[in-house]
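Each of the two complexes below includes subunit A, the first together with subunit B, the second together with subunit C.
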Partner chain A sequence: MSKEDPVTAEARRETGSGTDLWSVIISPSIWALHFLVCYVSAAIYCQKLGRDAPLSDIRLLVIAVTVIALVGIFWSSVRLWRVHDRSLTDDDFEYEHNTPEERHRFLSHVALMLCVLSAVAVIYVTIPMLYLESCR
Partner chain B sequence: MTDKRAETEQLAKVWDNPRGWRALSDVNNSIVGLWYFAAAFAFMLFAGALALIIRVQLFVPDNTLVTAEFYNQAFTLHGTVMMFLFAVPIFEAVAILILPGMLGARDLPFPRLSAFGFWCYLIGGVFVCGSIFFNAAPDAGWFMYPPLSTEQSGIGADIWLLGLSFIEVASIAAAVELIVGVLKCRAPGMHINLTPLYGWYVLVVGGMILFAFPPLIAGDILFELERLLDWPFFDVTRGGDPILWQHLFWIFGHPEVYIIFLPAIALLAMIVPTFAQREITGYSWIVLSALGTGFLSFGLWVHHMFTTGLPSVSLGFFSAASEAVAIPTGIQIFAFIATVMLGSVVRSVPMLFCLGALAVFIIGGLTGVMVAVAPFDFQVHDTYFIVAHLHYTLIGGMLFPVMAGICYYYPLIRGKELSRAYGIWSFWLMLIGFNMAFLPMHLTGMLGMPRRVFTYGADRGWTELNMISSVGAFIFAAGFLLLVWDCVRPKRHQRDVPRNVWNAGTLEWAARFGNSWGMRSIPEVSSRYPLWHDKDFLRKVDEGEGYLADAKEGRRETLVTSVLDAQPILVLRVGGPGWLPMIAAGGLGAVFIFMAFKWWLPMGLGAVVFLTAVLRWLWTGTAEIPEKKTKDIGGGKRLPLYVSGYKSTGWWAMFITMTGDLTAFLALLFGYFFFWTIHSDFPPPDMFGPGWFWPTIAGALILLAWALTLGARLVNSGGQSSLAQLFLLLGVLATLGGGLALMAGPWTSDLDPTAHAYPAIVWALVIWILAHLATGMLMQGYGFARLLYGKATPTHDADLWNITLYWHFVAFSGVLTAIVIGGFPYLT
Partner chain C sequence: MQQGQRRSFLVYRFVPLVCVPVLAGCVSEQSMLHPAGEDAAAIANLFWVMAAGTVVIWLIVMGITVYAVLGKKRPKTERFADRFILVGGVAFPTITLAALLIFGLALLPDWVRSHRPDLRVHITAEQYWWRVAYEMPDGSLINTANELHLPASQTAEFVLTSTDVIHSFWIPNLGGKMDVIPGRTNLWRLKPTDTGVYRGVCAEFCGPSHALMAFPVVVHEPAGFETWLAGEAADVEEREGHALFVSAGCGACHAVRGTSADGAIGPDLTHFAGRRTMAAGTLPITADGLQSWLIDPSHHKPDVRMPAYASLEATERDALIAYLLDLK
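Let's turn to the complex of A and B:
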């Protein structure tokens, strides 16, 4: 990517597809997967080992999954961070112009904000696992 | 140059609505949307009347006005009708009515599908509502918990299950229609960042429907199999578990709350800027919050099940997600408030309802945060506190915004203005009546009054609070009726409203009242509020300077554009009036309705009618080979009239439908593993089967059938149509073999589905796949016939693309089923 000359890079930014709808939903999808893995694994664990089982083993799994999820969201954020976060046309966050470039920035902005929201939600969901002791 | 007047006349002729009794064959969005709307309101009034009966019954303690049995039916039907027949359909109604205008399309991409959905909805709705007049209405609460509903309910539970499954067809049809509409039918130049916010919300909600409704359909199938054939999915004595139903129901039920809320709040996103006379503040923030809410709302379902005894860590996950969803929900509310504060607000009735909606919804949201805390929920679960909470969210989040939408869009749809005085009276009556009815319920609940009791003793101390609530309910109803009267009262002597009466900026206001084609010509859009930013906009549209200003070939046409940047790519010919959608809906309705009464012969006839109508509809009205390759749309642009594969709208419709279908399959599969989780021995030791042999054969044959179908498409596009036909015929045989082999597994190992939940779920999965294989066979045969009769050719192969896409999904779920039922028992 770095080898591209500025003119080509500019043209690609202007006309290329850039951030599309699928990449906007990457981070919330990571949240959804994380949520499912946490819930399903804990539910199976507690069902199979009984209500008195300590949560220690499953806690490690949930923490590991959380770290993976946060790394994934972070990676997605870094990718989006490279997109200049303001409109090039009038230097604001309104993204109201009719160019592919503006659309690209708009979707990147939405996707970046969704990364933040997803990270917060991932951390929220992990919290109960940190302080609960057993399956009861 | 072309004669402008002749062009307009031609458009009017092509888009003319059928009259007289033929009016019922109409499929145009402006008419079907109105029908939808009227039906939804009729059902709403019916359910509202039931609510008033409930409130009269609770007015005094120890009341004997209605019996406990009737009361059960009344509250069940009230909840069911409000949720399934009003709240969700009203979204579909409004979207079908105004979305094409907003996007600058002449109609939605599949008008006949909208009509089909409407008729399904109407037939199913009348069936479910009508049951109460025969003392046969469902009576186990709107979420139909087993074992109460499986062991005790009479025919009511069947009516609920089958009637609503049927209506869900309409919802999924609408989701397909609306998602494709938003993604592919925007006016040229309407980049995704310029799309009206309503379109964004519709997109999110359409996506949510695809993941929320199918689990309920899966649950309905299991439930009906238990009621009809005694397969014990929810019967603890035979290895079932009622909690499975609760999971499947609430995986649907919680997102459904947001499916109701988001499109209504989307109306605020259109109304608030108009009356603040400025652009919406934080457009991208609202998009983000709609998307975020859409996702997070799927992580909340267990908060309806906090008292079922799940491990506290499970409750913790859901409690946390329930708190997290308040963040995106809050963001959009703040964006609306900011828009109001930054603009100079024009005082108007729609704006009153908007502000009322925000106030009421915020109270409901706050009590929502309270009940998301599990220990608090333990205290108030199933009390009137919950009743108060859910009415605050639904009436603040849905009814008030819809009222605002009615007042706002009435002039656009009917060409007349509503009375301002009536509107103001109606608003204050509703706001005061609503708070009077539901605010005291928080207290009634905390004083311990459970929901769904038909009466209570005078010594409980709930009397005064209930009296206040009942009086409030009637004031609320009066306000509502006043608005309804204002809408339906004759307005012949009233002046027509001027065009764009509120001075709005969005595209739907560019249409003139009284035609069904939307705008005179489809404009090139370059901003979010074209009517504000381009003073010359209306003139250009009206003088036919935009695209598709004519309909020379006498066909109804609209533009298809690319997803992100809305570059025009295709002229789409959409269906005109016809009876087939109604006939198909009638046939399908007969299947569902007669199944409830176990009248097998009429049910079979209904199935034949349905299939014949659908095949005829497809054969005569889809993937038609146009008379020429391209068409001049004006402005020196020529666009193709036929595309296939992922460029076409039909392919996307198939993709979206099958995504929903896959979700339903995964929900069934979830049932299989759910039973594995709760049993220490699964499969039970005395049940071996279906073995690995037959599932392996089945998997292989299904893969073969898939490969042959895909091969048919590939060789056909290489020009060898007759080889493709051969492949499709062989595909039919492979499919048949695959289906038989799949059935042979449980059949030869004597798995009796009534004995235990294990064989029952294995059979349920097998039946699901069998039904899909049968449909797949029908499609292969259809593809064969299309090629044979020259309706599909190597260059016009949309049918084959869609059939292949269907087969990708079926092959995946078929092979997965074979692996699970054949292989999983060996792992445990």
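Let's turn to the complex of A and C:
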């Protein structure tokens, strides 16, 4: 991390007082949708084609959905990063006080952490699909 | 508690309680750590990799803990603390778990049903024994019970079902376990690699005698297996003791192929004396064991469905035992 003047650095942060809950739940929602699309489509596919059916077609769908989900989470993260700026951890990021600005910061911080969690979860949901060969 | 009492509690209760399960792992006939099959080898490999990794991580965590308690009390920056938690508490577990997930998934069996196995065995789990039927090339089934014979380096498929409660079919030396569920047919494949005698068990609690629902597993060379199967498929002729076997009521539940005894409620007894154990791994096959079993089966195996034959004349019981021990 650069040793820039804390005041300048603070000024670069996006300020705001919004408590838009969508920004908090957008990435977990993407995770939930991704999970449902993967499992529901694989279940229908395997129900229609039988236990020995190869998973190649559905694998492409899952990979495509995963790419879309990760792009969505990344977009959400970039938006939140503008509030957070310098470091993924909160070492120089004040949000413990009862002001609208710090409430906004707190929610943004939580939302950013949820983005990381959702991205990891989406990847974990996808990994088995890369290894399974058939519907069995 | 008095000092002496406490010591005797430690010596007679606690120490065996801790040691017995640990030492039980040293016996190789029912051990995941002595693999004799392809799946078991992969599972044992996974275990050793995980065990080694766990030891390394444990030592690191303990090292950090000791350092935190005993080390020099130099204040760390908040930034260092945050980074430390992010790397050690988030990044490292995420990557480690992903690696384990990939390693574990790579071990999943990749067989599909269209590839025919070398041998198919139908297994029906019942409280508390195993009905075993070998599928012959012509599709007919050879019934036997409570003992499994398999050819080495050939893939055996097990068609698993249950008539009462959920059981689980597990031969630790050969591979993983598979649930046996009433109203459902589960398929499971194993490929033994080493000949020998192993022990299979029921691995899902199924009632008071759950722990007495085991079966010896004999892995032969392929030629030896064919010889065994031919012998097992052969009927036996009605011989001395058969009339008593039927009149005492045994034949109503037990079948002896080739005779008029064709009961299908209990285990098939056609080649009973050729087996290694009786009552699903509960007792060795000896005259004394049979005597004791016939007098009070539920003493040896709680909740067993077989009635006691204590009311039989001692001479009749001896004759029955002689007949059973002759069913080679």
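By our rule, the second predicted complex is superposed on the first by the 107 of 136 C-alpha atoms of A that agree within 3 Å, B and C clash if a C-alpha of one lies under 4 Å from a C-alpha of the other, contacts with A are read in each partner's own complex, and residues count from 1 in each chain.
Please note the rule applied: a contact is a pair of C-beta atoms (placed from the backbone, for glycine too) under 8 Å apart; a residue touches a chain by one contact, two chains touch by 3 or more.
Just so you know, these numbers come straight off a predicted model, no measurement behind them.
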### Message
One more residue to check, A:Ile25. First (subunit B), second (subunit C), both or neither?
### Response
first
### Query
Looking at the overlay, what does A:Val83 touch: subunit B (first), subunit C (second), both, or neither?
neither
### Message
Output check: A:Leu33 vs subunit B and subunit C. Expected answer is one of first, second, both, neither. What do you get?
### Response
neither
### Query
Which partner does A:Asp52 reach: the first (subunit B), the second (subunit C), both, or neither?
second
### Query
What is the contact status of A:Leu61 with respect to subunit B (first) and subunit C (second): first, second, both, or neither?
neither
### Task
Pick one for A:Leu114: touches subunit B only (first), subunit C only (second), both, or neither.
first
### Message
Touch test for A:Ile127: subunit B only (first), subunit C only (second), both, or neither?
### Response
both
#### Entry: Broader residue contact with subunit A after superposition on the shared chain, subunit B or subunit C
B
### Query
Now for A:Leu70: first (subunit B), second (subunit C), both, or neither, which partner does it touch?
neither
### Message
On subunit A, which stretch or stretches are contacted by subunit B in one complex as well as by subunit C in the other?
### Response
51, 120, 124, 127-128, 132, 136
### Query
What residues on subunit B touch subunit A, complex-wise?
189, 191-194, 279, 282-285, 287-288, 291-292, 295-296, 298-299, 302, 310-321, 323-324, 327-328, 525-528, 563-565, 677-678
### Query
In their shared complex, at which residues does subunit C touch subunit A?
77-79, 81-83, 85-86, 90, 94, 97-98, 101-102, 105-106, 108, 110, 112-114
### Message
Quick check: in the complex, which residue numbers of subunit A touch subunit C?
### Response
1, 51-52, 87-92, 116, 120, 123-124, 127-128, 131-134, 136
### Message
Could you list, by residue number, the parts of subunit A that touch subunit B in their complex?
### Response
17, 20-21, 24-25, 28-29, 31-32, 35, 38-39, 42-44, 46-48, 51, 55, 93-100, 102-103, 106-107, 109-110, 113-114, 117-118, 120-121, 124-125, 127-129, 132, 135-136
